[in-house]
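Every chain is named by a letter (A, B, C and D) in the order it is written, and numbering of its residues begins at 1.
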Amino acid sequence: MTNTMGNIFKITSFGSSHGKALGAIVDGCPANLKLSVEDIQKELDLRRPGTSNLTSPRDEKDNVEILSGIFNGKTDGTPILAIVYNKDNRSKDYSEFKNKPRPGHGDYTWKSKYGNYDYNGGGRGSGRVTIGHVIGGAIALKILEEFGIKIISHVTQIGDIKGKAVSFDSIEKNVLKNSVGASDLSVAKEMEELILKFKKQGDSVGGVVETIAIGVPPGIGNPVFGKLDGDIAKGLMNIGSVKGVEIGYGFDIVNKRASETNDEFYIEDDLENEYVNHKFIENNEKKAILTNTNTSGGILGGISNGMPIVTKIAVKPTPSISKVQNTVDLEKMENTKIEIKGRHDPCICPRVRIVTKSVLAMILVDHLISSGFIHPNNIKKSKAMEEC
Amino acid sequence: MTNTMGNIFKITSFGSSHGKALGAIVDGCPANLKLSVEDIQKELDLRRPGTSNLTSPRDEKDNVEILSGIFNGKTDGTPILAIVYNKDNRSKDYSEFKNKPRPGHGDYTWKSKYGNYDYNGGGRGSGRVTIGHVIGGAIALKILEEFGIKIISHVTQIGDIKGKAVSFDSIEKNVLKNSVGASDLSVAKEMEELILKFKKQGDSVGGVVETIAIGVPPGIGNPVFGKLDGDIAKGLMNIGSVKGVEIGYGFDIVNKRASETNDEFYIEDDLENEYVNHKFIENNEKKAILTNTNTSGGILGGISNGMPIVTKIAVKPTPSISKVQNTVDLEKMENTKIEIKGRHDPCICPRVRIVTKSVLAMILVDHLISSGFIHPNNIKKSKAMEEC
Amino acid sequence: MTNTMGNIFKITSFGSSHGKALGAIVDGCPANLKLSVEDIQKELDLRRPGTSNLTSPRDEKDNVEILSGIFNGKTDGTPILAIVYNKDNRSKDYSEFKNKPRPGHGDYTWKSKYGNYDYNGGGRGSGRVTIGHVIGGAIALKILEEFGIKIISHVTQIGDIKGKAVSFDSIEKNVLKNSVGASDLSVAKEMEELILKFKKQGDSVGGVVETIAIGVPPGIGNPVFGKLDGDIAKGLMNIGSVKGVEIGYGFDIVNKRASETNDEFYIEDDLENEYVNHKFIENNEKKAILTNTNTSGGILGGISNGMPIVTKIAVKPTPSISKVQNTVDLEKMENTKIEIKGRHDPCICPRVRIVTKSVLAMILVDHLISSGFIHPNNIKKSKAMEEC
Amino acid sequence: MTNTMGNIFKITSFGSSHGKALGAIVDGCPANLKLSVEDIQKELDLRRPGTSNLTSPRDEKDNVEILSGIFNGKTDGTPILAIVYNKDNRSKDYSEFKNKPRPGHGDYTWKSKYGNYDYNGGGRGSGRVTIGHVIGGAIALKILEEFGIKIISHVTQIGDIKGKAVSFDSIEKNVLKNSVGASDLSVAKEMEELILKFKKQGDSVGGVVETIAIGVPPGIGNPVFGKLDGDIAKGLMNIGSVKGVEIGYGFDIVNKRASETNDEFYIEDDLENEYVNHKFIENNEKKAILTNTNTSGGILGGISNGMPIVTKIAVKPTPSISKVQNTVDLEKMENTKIEIKGRHDPCICPRVRIVTKSVLAMILVDHLISSGFIHPNNIKKSKAMEEC
């Protein structure tokens, strides 16, 4: 239950920052999905460090290999093992951190739980374990693509600089035009400078990342304890450094009144509406049901309503900073100080943006299967596929 | 996976607003816990409607019965079925809602998923299903009590009125002194009036509820996909009307820098410190490790660090309002209007406050067992018990 | 994980022999299945004691009530709670057994695990808990009926008396003609007499029960750790008193050679063949693939092949006997003797026969859903239903 | 749920006969267990082919590598990935089998489920996937060793040749003295000759393998649906070619009477009794409770009673034989014939014997953790360890 995510489309992740390899097994991927190494590599390349002045300079290609689960270029229903061998795990001396837990990191809590912790680059507590997330996510994204579902993500805030809302199309285009991954290009430069300012100070800063799924059919998710928003909240909160999750209006809904937030339903005759996914329109229907606002972020009663699923996360300032910090010596049980040298991301939002897409994609695929939209074993037999 | 919560300490919930009964089975409760009907009734009484002018006037005692799992006044390791028979399910005519989904509710999404929905008082989408949550929570709270862990909750915001922070002791006392469940008594009256104002207008309002666990030992939770904060986020988001979850500083952490938010560790010699739970101090230790701030809300790397676990949720305005609203006729596929008469809560924060305590309690017990602090089968054999 | 069975179609069972009630919650039953109290009562009546001279004389009607999950006569996708209140739990004094575990029963092992055990009529270790199994099974059988899948069961051996093989049709008819539930009427009387002989001696005897599913489509089950035969073996072994499980030829396959047991495939043109379930024949197919023998019992590589699924269990002699037996006093830690008076089944095969049907039905429904044959949420949307 | 086994100590298996690699991830192994590559290699070497004239001549060393989960020679609580890269997957032409399912194999059923199957050497349906089982088992066996629990296994029957019962000590020694893995040396040669006779005929034969765990403390397992015997039955039945599972007397219990099979309890003063595991004797106890017979195979009411856990499986004749066999052409939907050339095991019992040990070991470790005997996260904190 600790390193596995999902009920039917399941990913089991493994590996640590400085071990021999990292990666994931995806079990429960339906057979007959075309899948290549490039499909996964593409997403990993977006996630990897060293791509701009905002990320840590660990120079590693993160080349992925698929070791099982593909037969004649397609998934065959068996577990897909995809792996990235660590190369840049230079034998730096981390022994200083052996008994001195880094503030803001999981060192001390891992010690409490396991009686020990891997003090080399954070071990399995490192952000590098999201390689596993992205492997699973790349496969999920490939499935969603087949069904006309799209996931976009962007940075909406760095420190106290907030971007303005732009259209879905603009989000998709603009995030590629700046190293922050912001969609509001009017503040992207400012955000970048803020990050670099903190970097220079040996400090770091947080931000907000919004991730949106478009084209999800109404009817996925479950009531009570298996809600789609519950699973999304868990999936996003489980990403390292995330301290808050919002669906739809999130905390902004608090000082509104129901007559403003009830998202009234209406009949949409124009099926060219960008929210309508034609793959999931029942044969003889000419109309769709939509809501005129989307404060709920596409989920009502734990189940999707066909509107875009909108999520936001709060990302804390990266805890690895080069300033001297107070901590304790776990062996001597006394106060001490620590200085963390080396490679740090002064803000991980640009990279987290790739991970949230993966996490949301995996959750959606899991729910699309468990709600009967995608066939659990053979993607060709999925209802939406047959109708094409 | 839909009506069951927990991995080891598991609750399976059942029932609907206007059906014959509601309740829950708790499976995985260790044997030899003293448990009476009163232990559960006490919490249900705090949750039930009709207790103030802020809640819906459904006049129902919600008397609980325990039908299995107790032997000679103690749990015996077998499933505990606790049930509340519905009495006030007067045969009001709800048929108007049969094809007209209520905005902001799950009617339409349930229809999409199941091809049908129970249009009587919201069916299983009703807030009344939290009777099951509170049954499970009451048992979990009883267990936590045995181990010196306390959970407190309070309303910190209604609409745009925010309460100021007060001490843990004051939270516990003050929430009982006002019908809102606020801890800042200087704004409690104002909050109440705001709720009543919206009620008068046939509208409703949202708020923020903070729930805190004190005395949780360091070392519960898991890395990667089984994080304690992930499970809490899921558990809280799964409560109806919740649109956001925060741990520790939540979204406020975004515009801070790491040197402010890294929660530096220090050695606490004074074991009278209120955060230290003596039940979990190892035999010969005379010191505890604490942090000088708690921006992380007691969780690092998905595992508890011994500091208070601090959570906040955003609660949306109750979607049941008496104003006329636009919706669609699902049969005729045309636009129409709807008017929801009857009993509504103009703000559910005062009652959600009881449910969050239950949810957090259940999650903690589940993790305390799975992390080896509480014996899975026989509470007497728990490490912390033996040492007393 | 202890009182819940199934992955998607899930039953959580509760209650004990002398508690207030027994029953089960079924979660994950697709919506829109017509379901009445009678559907469940019918199966419970077959299971209940007191129906012949071979079963214990506990005179209890086992009237079931459905308390949730049904809306307008159909399942609505929410948890179905069905309950039987105990009536005949007369306050007999069982305190003698408090520290003296009954041989062959779970008393001692429960004590080891939970530090205590319910010594009243076996508590939750009683055969009476199979009321929960049969509730879940009755619902599963109702679903299977919709899809043309039939389950039959019969007693093939009592003590050393073995019945000869008869046709499926004869099994179905003959089991109703004798109190043993045997299909070979030429030995049924003899079996009955053997049971009564042991009863008279204050002893009991075991037997073999065969349970067969006809009409299961090829393609349900999973490879490696989620095999259909693995799940069946678990489900059947979990029934009290079962000490062995066989699929197909079982232990008889050991002294055969592969050329005798390989079940060669052939094309069956005659779709009137009783093994072919027309509901699952693809639209334009005029032929089915069958095997000319069925040593594998309908399962290859953990997945159904379309042939009848054939299972056998070994049932031990009922451990409750009236002879004086040696045991220990758990408090005094010394040897002692025990005499169990009261109501016993001298052979539980006639009643286990009803439970095996239920268990097999639940497993098949779970796999039919998880393999895409039955829609997980709305039975009307199942592929086999649409094609009718 | 398909390629993962276990609830807490979990193994996820991957790979196929002719793919790039096979292996397993073990998640949930407590930290601080000393573990080396040799610990796993040792068991794999016992399982691998080519070790005698009774096994297939595939000449492959099956060298295992550990890619994650070990820190400074010990487990660190993170997932352990152990992998065997395939070397001897020579590009033989298997395309003949593309549309012609091999009788007795899973080809046809996989095709039914996934719309396709890997026809190269059986793909993931190959016995070679038990490399994953043995990896997980080797780690579990290492844990059991720490707690003084021993697992032994032996072949008791090949075809119609049955071995006589010998002592536990003799089982352990004798299995190493013959290529069949039999414990009764008086028939081992005869068994070997029978296998070779069938091999010569291009045919194969089945057998019975008994696997026994000694030193399991009373109190592991669960009631109703989580029984230890249920989990064992599932685990063993899930091994390829297994058609029957017995616990204790199994099917032989059927024609006994309860007064013979009730396993009466008695106080054992002699703690040198080989069944008593001193690690689990409570501090001040000088006596143990045992039974004078063990027809139940160490399990009562689904929970261990401290006696040896005794299991037997029926293994079918290996379906891969070189005789010409009837089958169908799945594309042309017509009858055809098939001839399977190449490497076959004429009897897999000698190798299955290693796999059953692994499976039983994993199940026991899972239950020892979930029943509170082994600490879930830190093996050093286990109760039985502390007391040493």
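Simple rule for what comes next: a residue touches a chain if its C-beta (ideal position, glycine included) is under 8 Å from a C-beta of that chain, and two chains touch if they have at least 3 such contacts.
Here the structure is a predicted model, which is why all the values come from computation and not from measurement.
Asker: Subunit A-subunit D contact: same residues or different, taking over half shared as same?
Answerer: Same: when the shared numbers are divided by all numbers used, the fraction is over half.
Asker: Measuring between mean CA coordinates, which chain is farthest from subunit B?
Answerer: Measuring from the centre of subunit B, the most distant chain centre belongs to D.
Asker: Could you work out how far the Cα centre of subunit A sits from that of subunit C, in whole Å?
Answerer: 44
Asker: Can you give the whole-Å distance between the Cα centres of subunit A and subunit D?
Answerer: 39
Asker: Hey, how far is the Cα centre of subunit A from the one of subunit B, in Å?
Answerer: Spacing between the chain centres: roughly 26 Å.
Asker: Pull out every residue in subunit A that's touching 2 or more other chains.
Answerer: Residues 1-4, 8, 13, 77-78, 110, 113, 124, 219, 223, 370-371, 377-378, 381.
Asker: Name, in rising order, each residue of subunit C that touches subunit B in their complex.
Answerer: Residue list for subunit C touching subunit B: 1-4, 8, 10, 12-16, 19-23, 25, 27-28, 31-32, 65-69, 71, 74, 76-81, 83, 110, 113-118, 123-124, 377-378, 380-381.
Asker: Which residues, counting only subunit A, touch subunit B once they are in their complex?
Answerer: On the subunit A side, the touching residues are 1-5, 7, 13, 101, 103-110, 112-113, 124-125, 129, 132, 157, 159-160, 198, 201, 203-208, 217-227, 229-238, 240, 243-267, 287, 289, 291-292, 295-297, 299-306, 314-321, 323, 325-328, 330, 333-335, 370-371.
Asker: Write out the stretch or stretches of subunit A touching subunit C in their complex.
Answerer: 8, 77-78, 219, 223, 370-372, 375-378, 381
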